[in-house]
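After this come two complexes, each holding chain A, first together with chain B and then together with chain C.
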Partner chain A sequence: MPQIFKPSANTLAKASIVGGLLLAVSLIGLLIGLGRSSYVTRAQEFIEQPIQFSHAHHVGDDGIDCRYCHTSVETSSFAGIPPTKTCMNCHSQIWSTSPMLEPVRASIRDDRSLRWIRVHDLPDFVYFNHSVHVKNGVGCETCHGRVDEMPLTYQQNSLQMEWCLDCHRAPEKYVRPRSEIFTMGYRPPVPQSVQGPELVKAYGIESLTNCSTCHR
Partner chain B sequence: MSVVQEREYDYVEGAAAGAVRGVPPVIAPGHTFETVNDKISGVILTKRTPIGWFLGFAIAFAFLMLLNLTIGKLLMEGIGIWGNNVPVGWAFDIINFVWWIGIGHAGTLISAILLLFRQQWRTSINRFAEAMTLFAVACAAMFPLLHTGRPWLAAYWLFPYPNTMGLWPQFRSPLIWDVFAVSTYGTVSALFWFTGLVPDMATLRDRAQSKAGRIIFGMLSLGWRGSARHWQRYEMAYLLLAGISTPLVLSVHTIVSFDFAVSVLPGWHATIFPPYFVAGAIYSGFAMVLTLAVPLRKFYGLEDFITMRHIHNMTKVMLVTGMIVAYGYANEAFFAWYSANPYEGYMMLNRMTGPYAPFYWSLIAINAAMIQLFWFRKVRNNIPLLFVLSLLVNVGMWLERFIIIVTSLHRDFLPSSWDMYAPTRWDFAMFAGTIGLFLSLFFLFIRFLPALAMFEMRTIVPEAKLQPEHHG
Partner chain C sequence: MPSSRLLLIVASCAFLAACRQDMHDAPRYEPLEASTFFADGRGSRTLVANTVARGMLREDEHLYQGKVDGQLTDTFPMPVTTEVMARGRERFNVFCAPCHGRTGQGNGMVVQRGFRAPPSFHDERLRTAPVGYFYDVQTNGFGAMSDYAAQVPVADRWAIAAYIRALQFSQRATVGDVPPERRAELDAPAPQEAR
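Let's turn to the complex of A and B:
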């Protein structure tokens, strides 16, 4: 009877055992990695807006406080998107004829809101409250990154649950004094390992990891 | 054939030994290595598939399609298509899961424990019993997965891996123990089954007429040449796998019983549960082996290989395990009285006289009363009757799970939340569908793979005993 397989089949058989294992491991690794990639989370991705509004210019160059526009961040779950009137406080005086700002003028003329595209969109099954975070020593920068360096706003972090839990499980790693909430590029004067636990104690911050804290 | 003779057969008594003691032999007289090979491989290496096979497969396949339809409906509409609802949050999905998992246990017991105890009668039934185990586990696994409603998300609910939620499964829950028990069970059973198939694959490779057959069986036989070294390694691997499988016979259904016993619910929270469930599993499993063996040996004329000895032994195992199960029922009733706990007492009273009482008394009639028939040699010799009884045993064991699950749940602690449970047509469709899946797989198995272990069968023919000089 002739041979069914060539001698190379022996090598192939052995290689396929190793190859199969490697393939399985790399597929699992790929899936775990892919789930965290910005391809899935949309982090680090510039979002086109109706107007090319630059936080880098308004916050970084002009030094406008976050709360000038996001007025309800300290009192409400929602930080607040400014009405066109807030824009016009300045832009009725400066750059008032700039073609770039035509949509802003059109908005006030026609009494129609600007349709900003939401950058940080949490899932609907998550309850999130800005004011409680701001009151308890979580700086804007901690979640939103260096907004003062973003020519177009993008999502800095993954917004995945493990990212939330990273802080909720150990808030002392991230809290800062209440006076520094709106500071960009904050550096703790004493090491965070010393300051963090003190602030947690002083502000009475709890590590809330109960499911119903966020999934109400 | 010299290959076979080189094996160590010290544990094989040979066919004649059994006959001396007045028990039917494990293989009918007059068989040689060649007739065993011919008979078993002839089923596979033929171009002519019997029309009966097509008929049976067509029916099984129709039910498999019903399963697909049900799953499609379930995924589109959610588990609301099933009848379970508060307070009966678990019903057909867990009943059928436990039922199928239980059935699988006979395969493992036959292949592992009977091997270690050197019971040569396991030889002609182990292969298809192991296949039965695998297919039953596949059917069982479907229920908890689909019970989640979104099985594609079930991976992170069930398996501990570094997921993006930063969460791990609840390791204190018996449901997660179940995941490990069942997946280990499935993996080890598959390995055991395939390892046992390798020498037979080589036989089929050598006997195959078609090129495709030679290549496929050649790949599956992993380069088996039947050298002494191959056999030595094979025996060691098979023994090790048997050693690994043996605790699984006890552990898997123990953990399944923890799903209930760990909860604090009258009728579930009982220490008798693990042994009672394991015995029930083996009992129902042997009933299923018998259900499959009777038509298989008839249809393919395998009466020489699956002899009355096998039928008798399986019946006896059913009798013993069935009596353990009956003892479990008695114990449940005893606990209900002896504990003097009003909830336990009510649970038992409700089982015996409540709305589901007919099911309770049916299962008692089958699992406690009917099995006493197996004491009689006349019954054990009556194959059509045994076939019917084995089917009834599986009905009885299904009813047992129904009673345990539904009666404890439908009478909640608060009478205001009492309710009745009734399955919907989709519950039945899903159950019938898994039976279709099971039978379809089984039909494919008997057509394309050796349903009996040829090389092990060769060890019990008289010819295997004839050349002592080879044993040197």
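Let's turn to the complex of A and C:
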């Protein structure tokens, strides 16, 4: 009976062990990578809205403050999406015949709410609160990115638990003075490694990593 | 026997899958979430017309209407402190400056983009208007300007009114109006929040 396994099969066997291991590791790596990719988290993805509302025009070009529209961001968990009336404060006169704004006018005429599509949406088993973050010196920009440069709103960060925890473990890396919360393109006047710990002390910020902080 | 037990386990697993409750989207409304239940599609209900929540009746004419005995008043319903002025400045810059400009001259960014130009707060007529008038305009709107009752709470509207008064004074103030011990501050750079 001829030999089935040639001597070279020895090397093949060794190589296939290594290869199999490599394959398993890279598959796991791929899965982890996929889990964090924007394909899963929907970060960096433009969302089609019923109206092409542009923060780049309203905030970047016209300098309107976030709070003009997101009125409850300092006082409640929910930042608030402006009602149609807020748009009409200005668009009763500006671009008042533009077809781009027809849904806004229709909404006022028929007393129907505009249906914005959510850009950020945490799972319902996570508790999040805007007012706490605003009071403790976390700027809009830190979580939402350069909103003033977004022609359509998109999610800047993954919003995964690991992202929240990265800051909750070491808030001094990100906190800024309360007067700069709404500033876009903020640059700390002194290095963050000096300013951060000082602010954490001044504002009495704790590192909240207990599960029940966010899952309550 | 073991095989039928196995079958039972496999089958019950299959049924379990049907019991999965989507915890990512729990059966409750988030703020402003759309509703299929209500005819107008709003999950957050609007107040029924002509109703007042318990304890929310706006009886205080001075505070809620800026009037005393039916006349616009020139007094404030609260003490005007440094905190109130700082709050007023901040809120003015957020809600009014887009049109009225940071100094109240009526040349804000939105006006530069084509909105009707409001009169300057430094006109004689508005300089002599009672503070209650500035509260009233914010609460009820005026001509082309819509009201800010929904965006600015009552206390903040008064703080803004106080700040507008200060703006008006500031345009005609002389160095003599500044207490001598604080004159040095005039040459210092503007505080951060005033920029």
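Simple rule for what comes next: the second predicted complex is superposed on the first by the 208 of 216 C-alpha atoms of A that agree within 3 Å, B and C clash if a C-alpha of one lies under 4 Å from a C-alpha of the other, contacts with A are read in each partner's own complex, and residues count from 1 in each chain.
Everything that follows uses one rule, which is that contacts are C-beta pairs under 8 Å (C-beta built on N, C-alpha and C of every residue); 3 or more make two chains touch, one makes a residue touch a chain.
None of the values given here were measured: they were computed from a predicted structure.
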item	value
Combined model on chain A where chain B meets chain C, clash or fit	clash
Larger contact residue set on chain A - chain B or chain C	C
Touched partner set for A:32, first chain B, second chain C, both or neither	first
Touched partner set for A:88, first chain B, second chain C, both or neither	second
Partner chain(s) touched by A:115 [first = chain B, second = chain C, both, neither]	second
First (chain B), second (chain C), both or neither touched by A:158	first
Which of chain B and chain C A:10 touches, first, second, both or neither	first
Partner chain in contact with A:52 - chain B first, chain C second, else both or neither	neither
Chain B versus chain C as contact partner of A:166, first or second or both or neither	first
First (chain B), second (chain C), both or neither touched by A:213	neither
Against chain C, colliding segment of chain B, chosen among 3-11, 21-29, 39-47 or 57-65	57-65
Shared contact residues on chain A - chain B and chain C	none
Residue numbers on chain C that touch chain A, as the complex places them	23-26, 28, 30-32, 34, 40-42, 93-95, 98, 109-110, 113-116, 144, 146, 150-151, 192-193
In the complex, chain B residues that touch chain A	161-167, 205-206, 214-215, 218, 222-223
Residue ranges of chain A in contact with chain C within the complex	62-65, 67-68, 71, 78, 80-81, 83, 85-86, 88-90, 92-94, 111-113, 115, 123-125, 177, 179
Contact footprint of chain B on chain A as seen in their complex	1, 4-5, 9-10, 13, 28, 32, 35-36, 158, 160-163, 165-166, 169
